[in-house]
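Pasting the structures here.
In what comes next, chain A is part of two complexes: it sits with chain B in the first one and with chain C in the second one.
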Partner chain A sequence: MLDFFQPPQSRLTKLDSRTKLLMFLAYAFAVLSTKPQMHIAWMALAILLATMFFAARIPIGWALKRFVPILPFIGLGAVGLFFSGSRETFVQVTVKAVLCVGAAIWLSATTPFNQLLEGLRRLKVPTLLTTMLSFMFRYLFVLAEEAIRMARAYQSRCPRKQTLKDAANTGKLAGALMLRTYDRAERIYIAMLSRGFDGEFRTISVQHMTFADFALLFAFAGLLVLIVVAFR
Partner chain B sequence: MREVLVAALFGALGIIVPILFHFVGLGRVFLPMHLPILAAGFFVSPLIAAAVGFVTPLASALLTGMPPLPIAALMSVELSVLSSTASFCYRTIGKRIQSVGKSGIIFSALGSTIIAIVARIAVDLTLLATVVAPLLQLPAGAFGVAAVVAGLPGIALQIVVVPAVVLAIEQIRKERGLWTNES
Partner chain C sequence: MHIPDGFLSNPVMVATNAAALVTAGFAVKKASEDLDERKIPLMGVTTAFVFAAQMLNFPIVGGTSGHVLGGLLAALLLGPNAGMVVMTVVLIVQALLFNDGGILALGANIFNMAFIGSWCCYWVYRWLAKISRNETVAVAVSAWLSVFLGAIACALELALSGTAPLVVVVAAMASIHAVIGIGEALVTVAAFAFLKRTKPELVRG
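Entry: the complex of A and B
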């Protein structure tokens, strides 16, 4: 689930992370601002997204592998609308969710998470949030490994199909994981203090907004405005 | 700095625990992301608790794709209220009760958990009634009740697990004498 994809280098992946982040936000905003029954606009936005995937040379198989597990979540949210009789709303919610998720997959495939954080810092997002995200990403894999080890140990001792009755055990497992996490946080903090960490990440950034970044950003934004306005 | 670190690690758990629940075949009715975020509220200040509640669903949406982005945006508000309310209650209301000892900690942790869950449900219903239901043209009442009922097993799990975890961590804090609210 948490496999991170290093996409083949393309011109799009070499762009500044701020450009891609702003492109993603603009796309999501354009999708959400479309009104019901704007089918042609949705189709145009879908074609634009497909072009973005193609330009970034993201393999279709990989994108589908990431997209398929999310479908039940979208489906569960929308299926109630279908049965409540509002088919228009059902279509609207499903299409918008699919396009937004697709854009998020594009962003995560073209921009490594640490570059994304660097982009957020440069976009003047509060330091508290970016520092928290940095730590979160740094220790995600360490904690994931521990969680998987615990889950595997539980399954090897209880190798039957899990039922609702097992929720209590899983809850205890999550509780034990939280205790271990707290313990680890304490150790990390002491280690950081001993290394003189003052809360600021100092990185040598190689990212710069060039003319190409600005040109692409403005062209992309113009295209989105055109799609939303023209197919209204 | 210390609090940011604790919050971040619990935030990372907020991404991992839902995967753990899916790994053992239990679905989202148990609100797995809520567990670590609520627990984090007991060990950090309300501001940092709100921040971790805000970023975790968005980071999870970007890294694992779950929850989908529009739902993640709603969950950001919901979880920041959940975590910051727990933090606020535990730090202010619970301060006097905690001096009683172990039972005081249990009582204040349980009370703070329940108040935080009630606040979260209130915000959830307000969001559903004012934003989601009009947007989807659905009856707000039925939609809200369905959302709350679907999360009942998760609420029960939170009430059982979180105070126990808080008690255990408070004991670790006491034994080591390092991580107290005052220090």
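Entry: the complex of A and C
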């Protein structure tokens, strides 16, 4: 499971996470501001994205796996198309979704999550949210592995499908997982208290917006505006 | 139910993001006020728990499978405001890390699954528990509603955006999620009863 999160290293990893976060947002905005007939702009945006992927040295297989979550929605669009929807809408929606998800993949591939969190904290996202995010990220793998282990143990003992019973048993599994979680949370809290925790995380910042960050950000934003305006 | 970027039109996107900003902002403010620092680690680990619980799949007819959303369960354990914060955080991580749901569609997803699925359905649960005097029924119905209403809201947003025709998208989402909702109801009832039996002080109700 962990390899899913192991981003490839490149020069882009060293940039400030805010730069990459803002580049990603700018790209998503640019994609969503295009009109249905702007095929050339889409091509240009796709080439730009491909360049970004190339610069970040992202392996194709690693990226492709992450397109899976949008497939049901494209399927739903295709069903709509089959009934009455216009072909133009379907093409537009699919292209935009693929480009935006591509940009999101680029972001997660170039930015380790702890750096992303620091970026969010610096961009003035409420403390409660960033605290929850950092907690969640820290225990995500532990709990997810626990969940997978429990699911496997259950399947090996109850291999037959019995929909209603399965759902009810999943509830008991979820309850057991919750109990384990709670015990862990209590232990963690006591450990944190003994180290002087008072409700707030204090982190040492290692990231700075350098000249390169600003230059890249402005160049990128300029390029996006150029693409969207020139090919309308 | 996680809407990706590109599927919503600009007016719908602006409206849902504004709605999410207001409701999530309110929940974060309220939750920070009520929360003593003791509860912060518990809440953080609960967030991870909801995320992990979403990996427990249960099979539905025809080879498809649904997973728990856990919005109502989170609200039952932590209260409506903290429950909504938990769901919001889960959705942010899914959007940023797993590409499950778009970043500019995040507002719509927060509105559907955190606000409707967790916050609103918690109050439905309270109301049902009062009039029916049967906690299990109240949990079951509001857990089903949390999935069903969220799916309807999602379908309406897609239809309003002109992405898919209204009748088709509402029919498809409603029928699929009516079934998934039954699973969610069973899971939530079982988890709630299990926790109430083994660790009653954990359940806020």
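Just so it is clear, the second predicted complex is superposed on the first by the 197 of 232 C-alpha atoms of A that agree within 3 Å, B and C clash if a C-alpha of one lies under 4 Å from a C-alpha of the other, contacts with A are read in each partner's own complex, and residues count from 1 in each chain.
One rule holds for everything that comes next: a residue touches a chain if its C-beta (ideal position, glycine included) is under 8 Å from a C-beta of that chain, and two chains touch if they have at least 3 such contacts.
Since this is a predicted model, take the numbers as computed values, not measurements.
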Contacts of A:Q155 with chain B and chain C, given as first, second, both or neither: first
Partner chain(s) touched by A:V91 [first = chain B, second = chain C, both, neither]: neither
Partner chain(s) touched by A:A26 [first = chain B, second = chain C, both, neither]: neither
Partner chain in contact with A:A50 - chain B first, chain C second, else both or neither: neither
Which superposed partner A:A221 touches (first chain B, second chain C, both, neither): neither
Which superposed partner A:M132 touches (first chain B, second chain C, both, neither): both
Footprint overlap on chain A, comparing chain B with chain C: 28, 32, 66-67, 69-70, 73, 77, 80, 84, 89, 93, 96-97, 100-101, 104-105, 107-108, 113, 116, 128-129, 131-137, 139-140, 143-144, 147-148, 150-151, 161, 164, 166-168, 170-175, 177-179, 181-182, 184-186, 188-189, 192, 197-199
Contact set on chain A toward chain C in their complex: 5, 24-25, 28-29, 31-33, 66-67, 69-70, 73, 76-77, 79-80, 83-85, 89, 92-101, 104-105, 107-108, 113, 116, 126-129, 131-140, 142-144, 146-148, 150-151, 161, 163-164, 166-179, 181-182, 184-186, 188-189, 192, 197-199
Sites on chain B touched by chain A in the complex: 1-2, 4-13, 15-17, 19-21, 23-26, 28, 30, 32, 35-36, 39, 43, 47-48, 51-52, 54-56, 59, 61-71, 136-138, 146, 153, 157, 160-161, 164-165, 168-169, 172, 176, 178-179
Touching residues on chain A, where the partner in the complex is chain B: 1-2, 28, 32, 66-67, 69-70, 73-74, 77, 80-81, 84, 86, 89, 93, 96-97, 100-101, 104-105, 107-108, 113, 116, 128-129, 131-137, 139-140, 143-144, 147-148, 150-151, 154-155, 161-162, 164, 166-168, 170-175, 177-179, 181-186, 188-189, 192, 197-199
Of chain C, residues touching chain A in the complex: 2-7, 10, 13, 25, 28, 31-32, 35, 37-38, 40-49, 51-53, 55-61, 68, 70, 73, 77, 85-86, 88-90, 92-93, 95-104, 158, 162-165, 168-169, 172, 182-183, 186-195, 198-199, 202
